[in-house]
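In what comes next, chain A is part of two complexes: it sits with chain B in the first one and with chain C in the second one.
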Partner chain A sequence: MTVAAGIGYALVALGPSLTLFVSVISKKPFLILTLLSSTLVWLISLIILSGIWRAFLPLNSKTWWPLAILIFTSVAFQEGLRLLFWKVYKRLEDILDAFADRVSKPRLYLTDKMQIALAGGLGHGVAHAVFFCLSLLTPAFGPATYFVDRCSQIPFFLVSAIIALAFVTVHTFSMVIAFNGYSEGNKVDQVFVPSVHLAAGMMTLINFASGGCIIGIPLLFLMAILTLMHCGRMVWRRLTENQRQGNS
Partner chain B sequence: MWKSYNFPVFLLSESSTSTLQEIAMKNEKTERAYTTNVAEFDVVMQTTKVGTHDSESCLKEETCLPLGGYSRKKMSFANRSDVYSYGDITILLRGGMLRGGSVWSALPPIDRLSSNQSKPIILAVASMDAQSFFRDKSLGADSPISGMISLLAAVDALSHVDGLDDLNRQLVFLVFTGEAWGYLGSRRFLLELDQQSDAVHGLKSTLMHLVMEIGSTGRGLNQGNKTFFAHTEVSSASNETLDALKLAQESLKSDGVTISTANSSNPGVPPSSMMAFLRKNSSTSGIVLEDFDTIFANKFYHSHLDDSANINSSAIVAAASLVARTLYVLASDNKNLTSSALSAINVNASLVEELISCMLDCNPGLSCELVKSYISTTNTCPNHYVGVVLGEPSSTPHPNQVDDISRFVWNFLADRTSTPKGDTSVCSQDCGKKGGVCIRAETDGKGVCVISTTRYVPAYSTRLKFDSGTWQLLPPNSSDPMGMLDPVWTESNWNTIGLRVYTVQDAAYDRLVLLGGITVTVLAYLAILLTRAYITKALKQD
Partner chain C sequence: MESSILESIGQEIIGVMSPVSLCMLLVVLLVYSLSPSNPFSSSSSTPIRTAANLVYLENPSDTAAEKLEGALLNALVFVILIAIVTFVLVLLYYYNFTNFLKNYMRFSAFFVLGTMGGSIFLSIIQHFSIPIDSITCFLLLFNFTIVGVLSMFSGGMPIVLRQGYMVSLGIIVAAWFTKLPEWTTWVLLVALALYDLVAVLAPGGPLKLLVELASSRDEELPALIYEARPTISCNEGNQPSSLGLLVGGVSDSGSVELQAVSNNNVHRDGSENHRSPEHAAIQVRRLENVEGERNRDEGERLPLVGHSSERYLSDGNSSEYSTVVRNRESEIVVDEEMSPLVDLLGIDNEREQVRSDGMGDSVAASRGLGCTLILLSVCRRALPALPISITLGVVFYFLTRLLMEPFVVGTATNLMMF
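Showing the complex of A and B:
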């Protein structure tokens, strides 16, 4: 694709992440560090998954169930990693709180913890976008364009950029929900995140049907909006609870 | 074909042509208004780039090379690629330089050591290069390769005849290259003959008794009968040849072979190497044997479609038989000529079939047994384009300076004209001193030394001179100011040639995408600001 179109596709996939970084993350150095290490961890997880699945290639693209197994195992692996990520974060939180106590400074506020979760989630989203979208764009610069037979209305790169945008949203806010669910012991939140991740993953299989992307992509965005709304509700609830606690 | 066009023309393989047709159809019935399928040509000809549009200027600027025989190795600017494929399109490029040289051979071998060289010479001539609009697809099956195959088969038939030493006249076979490009092969040969250079040692123009040229013979089949025509310039001097032809025809009556003189309402010779001989000496006795009378029988003359489907092997066999027996009659000069001796001269039809499949087909092509027994080559598809001259032309080129077809013809003729059969030894330094040559040097260890008079003759325009590393153009003859009779043909230097086809989007669509990306980013930014403002406001409320 041409340079103009390439920048366009990259902005579609990663523009909102960029704005989030600039307006929220970049203000606090600790968040930048969290973002970077999170991106690294989730990129490594994707590389490990592709390394393991390399042995089973080429997958028969005529039937959908090998791909379903691929998605299921990948989601399961990543959710397991998220739990581990949480455990590491908890250790870190305890260390930071102990340090704050020693120097008689205030402990982490709720908003701080949420921002750390947001940075972690953003790292996950960026890793996904880089792995699944940017890696396709960088070698494709040139005069030509490319259309896939099964989704021939819009260019292939645009399709992948839009899907990447949906997933970035899902991952970013899922982390906030998940961290909150683990810290509160809220079962609903704890189940919500893996379910949404799995559902979003499985929905991409709809794109395999001829013309399926017309249905698949809006459904993906539905998932993203669902995640956004749930996260918003949960954040609002926690903050108002906290407020009341603080005042009482 | 001689017109100049200001656009490139590509010849694609079968599969590429059908791919391109599909893509063109898709362009017709496209559902998307903002995309089209385009083709991108990648071809650079140095002469066009530099602006040297004729031979004289391009030779001076060294942006081109003259056509002809011998080149050492590919030059730095031109790249060799056999098959170039990009995406779905495959182009067959024979690429690189094919080098050539004319070949002559004497049967029986001329004794170099004997100073008494007074036997008159019967010269049998054919040519081995072809031309078409597409340089890499120049097969020339009927014109002139069928004639060359007839000559090679005739040599093979004559090689089995005993007592050629005792005949009154000497047979010499000559296969020119470069004839398709202003007859530069024959012109050069005659010049070398005048200058008595090393390449033509053993031949003298005063000894030339008559010339018999074998033109196209592959289309001589007419309802089961094989008919050929003898074209001649000076009728009286050629009577002897015509009589010999008639004798040969008599002996081949049972095979349905007829030879007739060309219609007198169309006098002279058709375009042929004979024209060069006649220009030198208009009283040269010679005939041109062709498969047509007044108009060409080959409707694919100088076309890439002149392939093995355009010829008939039985016509070639018939012509070869005619030529072999005629040459025997001419060489014996009617001394002790018996019909039994004549009918003993038979052409090997399977040899002709094999030569056709080696020289004019890709399968087996140059990897066939016959060719592989003489030379080693990596090409399989034969191509008869003459190629360019690189470096200084010489009369004793190194085998790797000469192209496949010339090397094969040289080895074949040397093998067939060698005597005595069976008395061969491994090649060594003194092979040449004994009056022998090294054949099968590429395929059989050091090669086999056989006693034969077979030489290469350089082939390039008579108006060119290689002087201190560059080509100099000599001025044309004062009687030929336009250079019509002495043209100088050159080939531009070129780089790898390619063609690719792909889909492009409208620039407007690209800009729309960019706008979309920026919009998404800006909207996200606004959403974040709003959310942050809302949260801080709501938290401060309480």
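Showing the complex of A and C:
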């Protein structure tokens, strides 16, 4: 629907992440590198998943339970990858701390660690948005638009952009929650992240029913807001604890 | 609170990756906007005969075997040409023909910016129907070219201007490369990666000789250098660290120039002629940190190739880099960068495919660049940077195209995402 609409859809999906990038991540080169690495990791996970599922495609889109299994396996795989990401990050943290000692600078602050987690999560989110939304967006720059049968009220591009926005939020902040949960050993956080991811994935299944996107997408955004709130609360708690520790 | 190490780590890598990424992005935009809107117009099908096309002109109606054979021959001829020119450069450098090299480099830069840049400007003007008359256009182009030559080869110019011209040189040559046919592009890419591997690592390799000559004379390497001067951090001491990037330009009459610009105070020029419309860019990156290392690297991207449809829209450009790291005070890293190749691929449905392929590709390629940089700091010797990035790019491109496309498009059009 013309260049303006195309750019609009792209910004709907990636606007907040662009803001985050410019304000937080672009200032520190290491965070940019983290973002790129996590994007690559997500891409690799997607390739592996599609390799596994290639034999079963194209799926029969009449029944919903193969799709449910697909989403379940994909989410499980990605959560496993998140754990791997965490292990790599631990090792990286040790290397960085050793480097800091060598150049006699302070070790990584709590905010630094959270920023690295944020960059990692943002990488995942941006990868999701790029591969699920932007890659399909090219026709939107042309003169026409496209509607899907199941969600015929709004153009397909807009729907995918909105869903991508929700998922970007979920990915970004659940990485922060997850890293914090792993480092503190907090079971609630550790369980929260996979369940939210799974729930969000399953919500998109609701889109499968005709006219389902009217219900599915607001629920998806509910998940995103839930993630945001939980992350905010957790960060606040940790920072105030840290502050108190520093002062005492 | 003292500043944490997170502020400054990885600055050098980003300083090199950002112009490369910017170049890639701009090339994609340029080619995309200049592509004719009618997929079936015949104007884009006339092939240009260049040095990369000397032996075999690809015809869409040839069989796969013919295309492969022709592409291999093309690539072979091209690599031989590049090797000959590199050897000529080494000889010239060895016999200290510095004046000749310097002047020829200036002429080449002028020529490339003028003619190839000029033709791109003309197509832009034509495509967007910009109302400008020929005299103004000529004057502007002339100014652009002269300022480019001045900024690249003499001091006293703002560093941003020089960086901008380096990037635009890369863009110009990249856009030129998009005119190459598909099979030739792929085979050429792989061939250049292999050549790079040999030229830098093998004992008789021309690049290795060049670097050894330069370091034995304690001079700058003859090449175009992109300098990215990061902010001077407190542990750098008095000397500002600089990252150099070499970019060579190619004129369409077939002269490739590798121009050297020394950083800091000394200016030295070298040039090399290639009788090929190939763009060879040498990237030199210098990094003077506490350990006294210098690295060079370049980014690359790989072309995406489309399907049987006539029109192509692909994002891809390739630049090869070889990195040479010297473990001395003044270490020089030379990277050879091949100009980006961008082809046009795709129609409608295939455009989505191409898009995600391109993005997966560029992500992988930039990581290839990062890996090469890390490998540099580990190995501390001359390393060809191209092979890693090219391998990663090719692998990822084909993986995304074969595996990921049906999966992602299938789930996304059903509005099912995770």
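Things worth noting here:
Everything below uses one rule, namely that the second predicted complex is superposed on the first by the 245 of 248 C-alpha atoms of A that agree within 3 Å, B and C clash if a C-alpha of one lies under 4 Å from a C-alpha of the other, contacts with A are read in each partner's own complex, and residues count from 1 in each chain.
Quick note on the criterion: a residue touches a chain if its C-beta (ideal position, glycine included) is under 8 Å from a C-beta of that chain, and two chains touch if they have at least 3 such contacts.
What you see is a predicted model; the values in this text were computed from it and never measured.
Once both complexes are superposed on chain A, the partners chain B and chain C fit side by side without clashing. Of the two partner chains placed by the overlay, only chain C lies in contact with A:47; chain B stays clear of it. Within the superposed three-chain model, A:165 lies in touch with chain B and out of touch with chain C [touch as defined at top]. Of the two partner chains placed by superposition, only chain B is touched by A:11; chain C is not. Contact with neither chain B nor chain C is seen for A:196 once the two complexes are overlaid on the shared chain. Ranked by how many residues of chain A each touches, chain B and chain C are led by C. Contact with chain B, but none with chain C, is seen for A:239 once the two complexes are overlaid on the shared chain. In the superposition on chain A, contact of A:20 is made with chain B only, not with chain C. When the shared chain is aligned, no partner comes close enough to touch A:119: not chain B, not chain C.
Per the superposed model, the minimal spacing between any CA atom of chain B and any CA atom of chain C is 10 Å.
The touching residues of chain A, counted against chain B in their complex, run 1-2, 4-5, 7-12, 15-16, 18-20, 22-24, 143-147, 152-153, 155, 158, 161, 165, 235, 239-240, 243-244, 247. Considering their complex, residues 1-11, 13-15, 235, 290, 346, 348, 351-356, 359-360, 363-364, 366-367, 370, 396, 399-400, 403-404, 406-418 of chain C touch chain A. Contact residues of chain A toward chain C in the complex are 27-33, 36-37, 39-40, 43, 46-47, 49-51, 53-54, 57-59, 61, 67, 70-71, 74-75, 78, 96, 99-100, 103, 105-106, 108-109, 112, 115-116, 127-128, 130-139, 148, 150-151, 156, 159-160, 163-164, 167, 197, 200-201, 204-205, 207-208, 213, 216. Within the complex formed with chain A, the chain B residues making contact are 31-32, 35, 40, 502-505, 507, 509-511, 513-518, 520-521, 524-525, 528-529, 532, 535, 538-539, 542.
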